[in-house]
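What follows is a pair of complexes built around chain A, which joins chain B in one and chain C in the other.
Up next, the complex of A and B:
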């Protein structure tokens, strides 16, 4: 190959490599950017007076005087709406049955949209669920509710060949000729007076417990549960994994048993995580009875079994990568084998061992399936450190799944879900980052 | 009676070539209290599995003197040297027959503590292998291992060892720096100092200068001269000038067989064996 071709190939390969890194970076950005922007929306948003009211009465936070003033002014603005409703109620009474039934359905929708905005309307019985006791706490959601109020969504079935399409019908047109027609333009024009939006930074999203199944409050129990489970898993898996790796690399003789153990370890690394979850339930809870039912302990043990192969393999590789000459030097100075392992081999292998450990920690924090049957509950309060042996805990991974699929009002609290995803991603990224920094530091110390 | 002493009674060879004269060693002083058999091999063989790498060696290594081991590549020099402090234990299928005695004790005896043995028989390897720790911690590694905890005592040992290894002046102001930052020659002297810090009786050197430049090599050779008389030293080398410069006795191995073992001056000027002569005159290597 001549020099020209070689240089050309060199250059095109460089371009290829650079290009693929750029593509990977972009892909990461495409995934992370929406998570970040929407997740931050759970903390930084325009909160309404309802949000401040809720914080004051449920968490005792906020300036009570200012809030009661705001409440009064919002109430004043809302009062006109309530008056219009009362007027229309009377008007409805006097209509004949046909006209009544024409409006009744849509009128109920109007009221329900207004409840979404303001909370219970005058004359309503006090709702049992807390989510119905307050109006809309977020301005962006309030604007959605306004749209619901202003337009009725109908479906276009006219063309049987295509899937029906929704279209909006103005309620103002629907209620043309009644007293209610003024309500729509009034609410539209005065929404901010009635809701009083204000830019809010709600750190409580990270530090508060949730109220009424994540409708209000924060995700601290989930964050704490995730941390407990991940650290608990590492407490079991890390020492065990490192000891196993030491055994494999320094003590095991090549034989049938060793190769069996090795292949068992490799196989374990490929087992789907749901299998570990079922195993955890069957073994730790039903057979070993480590706890009465789901608990942080059982979940940690299950996660530990899951990450063990990764830790063993990373530690094994790190130990094998330690130059043999270190070991020779130590032994030739009259060191015992164990002493050599502890004072020379492990310190030199530490960066690799730690990397494996932190990657496993991240994995333990993120896995859902192993904890479904062994540790996780959907809604719960933060448990104390003393309860880890017997209490289950909410955890980010499981609650993200739960909010996305099983929660009865998933669409109402998307921001909580994004906030959880962002928290989980942040935790895992921070862990990996700390692994990289730790590794770089130790390597630098070793290299001098 | 050591083989080396027999060799002195040999007849002078008639065809002494001029080439051999350059290998004449400098006058060496007799060492008081030295010359006792320190390591004794009796029909000592070393196997890697079935392969007999060192074959039925009989030799006395004399205390306090420097013994060089020479021979072509693969003849078993390292294998023999590493057998003396049982570094070959690290190789799974390596075993020995015959006897190897150190101070009258069987090195491969059932009740021999190889850890204690290695404390008394230190080794410096071909490639400098300091630990990725500070210079101080490198030297203090052995003493700490054997129970020295007091900082002052450790400092004393570190300084002494570095002085013995002629490295003190170069590193005294950066003992806390990582040893991997030293030059190759300094690293090798550090390894010598590290070995000396455990106060061994025997110093085994396996081609200690093959990875070093001539200047660093000269320093190590000077160092060996310094240490001669305080320790029993065995040095494997490919460099025959080096063997003649630093050693009192020389062992020549060929394909696992100890062909000749004689005072260095004898072996290089009046080799008893044709094979030895061919080797030292460079007819093969």
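Up next, the complex of A and C:
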């Protein structure tokens, strides 16, 4: 090969390297960007009058006088729609059976779309579920409902070779020639007068409890559960891990026992997270009976075992990084070995040990699989600190799964799911970021 | 060093402190050390207990149903009457998504680690490392949510064009370089300088036309693929490869760093380019460490639960044909997580214990591969420090 080709190959190799680093950065960006942008939408959004009504009656927040004024003006705008419905009801009565059945189905869809917008229509019985007692609380969702009202979705099965495609049919055309036809253009033009959208910053999303399976309200029980579980895990794992690290670095002699213990440590680090869950169920709950069924305690213990190897490794590295001269100086002054460890080595290694602890805290907060069988429930209220020994808790990681995959109306509450994911990712990344900054400081300090 | 210091200290204290006190102190030290050892061996006890308790609940399954059905059949109907517990399709699903993610993550991770250790200047490296750490820190359920809510609809609605563009972006640069190199190699025997250049341009154009046709043909084929369901093995493999990347990159970077400067400098001194140095000298020297990194990365993908549970489609059948990554699959981890909710009401039934059998299988695989990777690392360290 001549020099030109070799140079070309060398350059393309470099490009390949840069390319894969860029792909990694892009992967991070691609995953985080939608989560961040839509997650913020759970807190900052255009809230409708229904949102303010809900806040006032469920949480007692907001200016009652102003809201009742707004409600009155929204009601006035909506009244015309209700009148049109009443007129069409009468019209429908007088039609013959064939025409009635032609309209009935679509009319029911129109009504349910309107219920989605405004809440219960006049004449409806008071719905039992909270989610039906209010209309759309978010303007973006209200616009989706409007589309549902204006168009009927049909499926195109004409080509059997490809998947059926949806297409829209205008309802105004469907109801051509009846009195209802005016309703569609009226709602379309006056939607903002009926819903009164207003930019809202809803901090309650973080501090409120959820209402009716996350249709309204916030995610405080989940956040609290995550904090309880993560801190509980650290309470067990951190002291154990640091002591084990002290043993490995200061006392262990090379030999069969030490190498076996180290081997056990790396084995523990490699155990799949779901197996920890199985072990937690089989050992802590079914054998040790630390609690009657799932509990924060059992979950914390399981998580503690999971993060133990990480803590031990980080603490070991931190202790080994302490300059030998520190230790020798202390010993030469006549202090005992244990005294040296406690008063000289540990304080010097503390930032490094804390770094490992903070990263493990983030890992414990983010893990799902170990707590599925041991601590997490899907719906629940925030538990008191006294209940941690016996009762299970909702937790961010588990509830993200649950809301996204098992909730009966998962597509309706996407904003809550995004908000939860963003909260969890923020907690975990902030912890990691502080660990990174802490470590950068240490390395600066060690360099002098 | 340690021993010296302590024995010196003990001897010096013997002169000042009475014999009795010294004995007490020694006793204290011994018991303290014993207590520390006890706490340090806690980890080993936990590992032992994990094996013990998972196996204790797994063995009843094999007692009730034997091994043949579990490993030999792909009929998974645990809730039927009579139930069937053929886990072959589920094991295959695990293997499939793990292999898929390894296929994506291993080359990318190894190349990225080379770039980190040998190509990027130190100042840039400082900013890349936190990116890798953050990628490793993102909770698996967030990846799962992304796979289910963002990526799956994208694949389902625009799968063909996405595949085509990926193919073009990935394959086109490789083919361009391959064509240039091939043209140069084919014409290397011609001695006359001008004839050689003309011949190489001509071959380059012919090969270029052929490869352009090839690119277009495959791209066209890919564009017309319709993906029936976005929650499939491909989706999961891609997301899992993101998750395995940080492990592979950081462990193999350590292995590359462990290869000393001498080897690199020797190679440069012989006139090799950087790429040649890395491929012919450093990679072979670090190969065992990189292998360990690959094993750890693969284990990360195999043991992952949330992503596969949320986005693999959870259909317990072997895809048809068996390499069809656009089909839904189901993995061991997802089965354990998903079925326990229904099975833990009936502790003692085969349905409950089969999940522990799957856990035991995962545990054994992870244990063995961990041991292997650990041995590899220890051996490499010995070889590198010995020579």
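Methods note: the second predicted complex is superposed on the first by the 405 of 448 C-alpha atoms of A that agree within 3 Å, B and C clash if a C-alpha of one lies under 4 Å from a C-alpha of the other, contacts with A are read in each partner's own complex, and residues count from 1 in each chain.
As a convention for this text, a residue touches a chain if its C-beta (ideal position, glycine included) is under 8 Å from a C-beta of that chain, and two chains touch if they have at least 3 such contacts.
Just so it is clear, the model here is predicted, and its values are computed rather than measured.
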item: First, second, both or neither for A:283, with chain B first and chain C second; value: second
item: First (chain B), second (chain C), both or neither touched by A:328; value: both
item: Contacts of A:201 with chain B and chain C, given as first, second, both or neither; value: neither
item: First (chain B), second (chain C), both or neither touched by A:240; value: second
item: Contacts of A:44 with chain B and chain C, given as first, second, both or neither; value: neither
item: First, second, both or neither for A:436, with chain B first and chain C second; value: second
item: Which superposed partner A:339 touches (first chain B, second chain C, both, neither); value: first
item: Residue contacts on chain A - larger count, chain B or chain C; value: C
item: Overlapping contact positions on chain A, where the chain C interface meets the chain B interface; value: 328, 331, 334, 336
item: Interface residues, chain A side, partner chain C - complex; value: 1-2, 4-10, 12-21, 23-25, 27-28, 31-32, 34-35, 162-163, 240, 243-244, 246-248, 250-252, 260-261, 263-279, 281-283, 286-287, 305, 308-309, 312, 324, 328, 331, 334, 336-338, 359, 362-363, 365-369, 372-373, 397-398, 400-401, 404-405, 414, 417, 421, 424-425, 428-429, 432-433, 436
item: Chain C to chain A touching residues, read off their complex; value: 1-2, 5-6, 9, 12-13, 25, 29, 32-33, 36-37, 39-44, 46-47, 49-50, 53-54, 56-57, 107-109, 111-112, 114-116, 119-120, 128, 130-135, 137-146, 148-150, 173, 177, 180-181, 184-185, 188, 226, 228, 242, 245, 249, 273-276, 278-279, 296, 299, 302-306, 309-310, 333, 336-337, 340, 344, 347, 355-356, 359, 362-363, 366-367, 369-371, 374
item: Contact set on chain A toward chain B in their complex; value: 253-254, 323, 325-336, 339, 343-344, 347-348, 445-448
item: Chain B - residues contacting chain A, complex; value: 85, 87, 90, 92, 115-116, 118-120, 122-123, 125, 127, 129-133, 141-142, 145-146, 177-181, 191, 194-195, 198
